[in-house]
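Each of the next two complexes has chain A plus one more chain, namely chain B in the first and chain C in the second.
Presenting the complex of A and B:
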């Protein structure tokens, strides 16, 4: 039996995983979600402490592949911003990300009754990477080529009158939705005075958490789990909350497979008399 | 009932083609892999041209800021990478300029991000965790010192501890990565179940 397990075709495990993921999506169990006080709660408190009317900048540093993890975070944070009366400026270091979230952010803003150009703006992707954002620190309008994502001149967008330079006076907080590079290093290195919150894919949490004790990050939202926590904090359970059952069960399956795999491995070694050699 | 939207059908075929790699390598998978790469590159070029280069020209250069043509001309030297051998070396000028500027700017900037990290290791030692962090820091540093101390039993034991500490870190990173990959798979499964098959209705937020 253990021999068979040792030589099991990995495609059976893929199939088991897909089944374990699909069942709770169709029939949710409703497992509880607790909030991480050191990561997600800090992010929530940082944004929650901003005075009404402050401008929060979203840096969309991801593309379609990490949509499931990061977009629900964006929607939950927008809920909090609407309750607090905060303004939104959407920018991004990844060219595909901004167009990808454009409609979703616009639909969410519309549901709050936000007026484009007054309560929020999407400036679109600006090529040039870090150099461009550094240029925005000196002159935001020139660095951003003076147009938004739909090529509307900044002169016609009243909120842009408040953003002449990319600094802590204009932007109270940056929330970066990041799944890779370029990412938070841009802000940590060149804009350390602006509060930074990172909404992160799960794969990057271990390498990002060290920035929390030093204050370089004011909050960290970890993967889909973090998105579900944020949805709980804003009191609007959404997609992530509903997918957490599947996420948790799939992790249990993997733990079970790791234990079984180790038992099978050591048993076969013992049988062959190889253990310890 | 299956969806009637052509756009979703295209996405479904693409998704299933990419997943077919899990069964085995096949031409169906390869075709969609190359399609995604080609489309991403094309999208990037169009975005840069349409949203930045064109705006740079019409909003600034054409309005009299001709000095911007100088860095523009230097940037064009990048393309000499593809020129015949005699002129190829010129592409190094813009590369050197941007490298020198970026490194100088990062090193001169206050506070230097890596110094904040170094300071953070020492400045607050009030709990067991802070001391443990400091010990792990020195242990891991000693692990990567290869030129001396290699005969000291104490240092060797510390290095052994460092190895376990690093394995713990890699374990956390690996666990999180696996969890993240499941989230991505969930996103695609939800797309198939919700947008294509209409078996569930969880809501928006996933595309």
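Presenting the complex of A and C:
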């Protein structure tokens, strides 16, 4: 028995994972999601405190691989922005991310009746990394080459008349959707006066949370759980809320396997007389 | 000459960038912004260098018929076809976007999702309390993991003593984790600063091909 447990085939574990992921999707359990007051609630309050008409900038710093975690956050924040009457400027440090979310953001904006160039704009990816954003700090139009993602000149986009410089007067808040580098360091280092909210993949929370007590981050939305919390706050349960049960069960499975693995480990050590040596 | 000129250029640019940040008059002249715009241009040029380098490396693999050379050929075919197609039709083109949405997006997502399976297997085979330190790490990791999902609230609600599972998780993440994370960040900064200083002073020459 011990021998079998020690040499358990990985494929059984994969099968167990598939089962615990699929069952709650087919038949949801509906476990309640509480809101993290120190992270998600702060992010919600920061955006909620902005006066109507303020421009919020989205920095898309992720690609398709983290779509499930980050895109629902973007959609939930857009819901809040629509309710508050905020304007949106989409930019990004990851070329693939901007390409990826272009249609999703456009569809969501259309559902609110937002007018492109007036209520929102997507300036697209601009090569040059940090230097480009620093160049935008002195002259946004020049730094961003003066065109949006579809090469429409900024002159034809009324919202851009308000964004001549990338500073706290033009942009009230930056929300970065980040799954790696380059990411929030660009804003923390070079644009400390602009309020920064981070929507992050779960794997990056441990390294980001230290910026909350210092005030460098005004809010942090942690992974899919954070997305579910945000959906709850805006009152529009979406895909993240649906997937919370699956995540709960898969975490329990992993904990169970850790316990089982350690039981097998210690039992085999005891049997071999190694314990305590 | 081959080494001295790049060395002089590196040092001269380091001095200009340094002064443009710390000197009031150079800040007023917006020298940093001008340098930033040059760097934007250089980054765009780097794309071409990347393509040239890929072509050189994989071209060699193909010409020498090294192991798995067909994958190198496939890489170059895809790169050039997609690049030329994109330049010809623009990124609004539905077919161009379809290639990205129907291939890159699901493949990228699948690769990331596979991590969950490796994690499941690793949790059984590698996550063992071999030492006291490993046991502490394991308990903390398991605690944070469970408290991050709704079942954590179900087991020990956040409205109860110590803020429940989430309360203890917040302490683990905000106090010991933040302290270590900051220490690592400071260490990385000092390391980066030291290596920049070495380049600035001409002590580091490996980027010029010297030892």
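Methods note: the second predicted complex is superposed on the first by the 277 of 277 C-alpha atoms of A that agree within 3 Å, B and C clash if a C-alpha of one lies under 4 Å from a C-alpha of the other, contacts with A are read in each partner's own complex, and residues count from 1 in each chain.
We take it that contacts are C-beta pairs under 8 Å (C-beta built on N, C-alpha and C of every residue); 3 or more make two chains touch, one makes a residue touch a chain.
Being a predicted model, the structure only gives us computed values, none of them experimental.
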- Query: Taking the superposition as given, does A:72 touch the first partner, chain B, the second, chain C, both, or neither?
  - Reply: first
- Of the two partner chains, chain B (first) and chain C (second), which one does A:138 touch, if any: first, second, both, or neither? second
- May I ask you to decide whether A:31 touches chain B, chain C, both, or neither, giving the answer as first, second, both or neither? second
- Message: Quick one: is A:262 in contact with chain B, with chain C, with both, or with neither? Answer first, second, both or neither.
- Response: second
- Task: State whether A:189 touches chain B only (first), chain C only (second), both chains, or neither.
- Result: first
- Message: One more residue to check, A:147. First (chain B), second (chain C), both or neither?
- Response: first
- Scan A:127 for contacts with chain B and chain C and give back first, second, both or neither. both
- Message: After the superposition on A, what does A:110 contact: first (chain B), second (chain C), both or neither?
- Response: neither
- Item | chain B versus chain C as contact partner of A:270, first or second or both or neither | neither
- Message: Taking the stated contact definition, name every residue in chain A that is touched by chain B in one complex and by chain C in the other, in rising order.
- Response: 14, 17, 64-68, 96, 99-100, 126-128, 131, 134, 142, 202, 205-207, 210, 213, 222-223, 225, 247, 250-251, 254
- Query: What does chain B use to touch chain A in their complex?
  - Reply: 22-23, 40, 43-44, 47-48, 51-53, 55-56, 59-60, 98, 101-102, 105-106, 109, 111, 113, 116-117, 119-120, 124, 169, 172-173, 176-187, 189-190, 193, 199-200, 202-207
- Note on the structure: Within the complex, chain B is touched by chain A residues 11, 14, 17-18, 21-22, 25-26, 64-69, 71-72, 75, 95-96, 99-100, 104, 107, 124-128, 130-131, 134, 142, 145-147, 149, 151, 185, 188-190, 192, 201-207, 210-211, 213-214, 216, 222-225, 238-240, 242-243, 246-247, 250-251, 254
- Query: Where on chain A is chain C touching in the complex?
  - Reply: 8, 10, 13-14, 16-17, 31-34, 36, 38, 63-68, 96, 99-100, 126-129, 131-132, 134-135, 137-139, 142-143, 150, 202, 205-207, 209-210, 212-213, 222-223, 225, 244-245, 247-255, 257-258, 260-262, 265
- chain A partner contacts - residues on chain C that touch it in the complex: 30, 32-33, 35-37, 39-41, 43-44, 47, 91-92, 100, 104-106, 108-109, 111-112, 116-117, 119-121, 123-125, 127-130, 138, 142, 145-146, 148-151, 153-154, 157-158, 166, 170, 173-174, 177-178, 181-182, 185
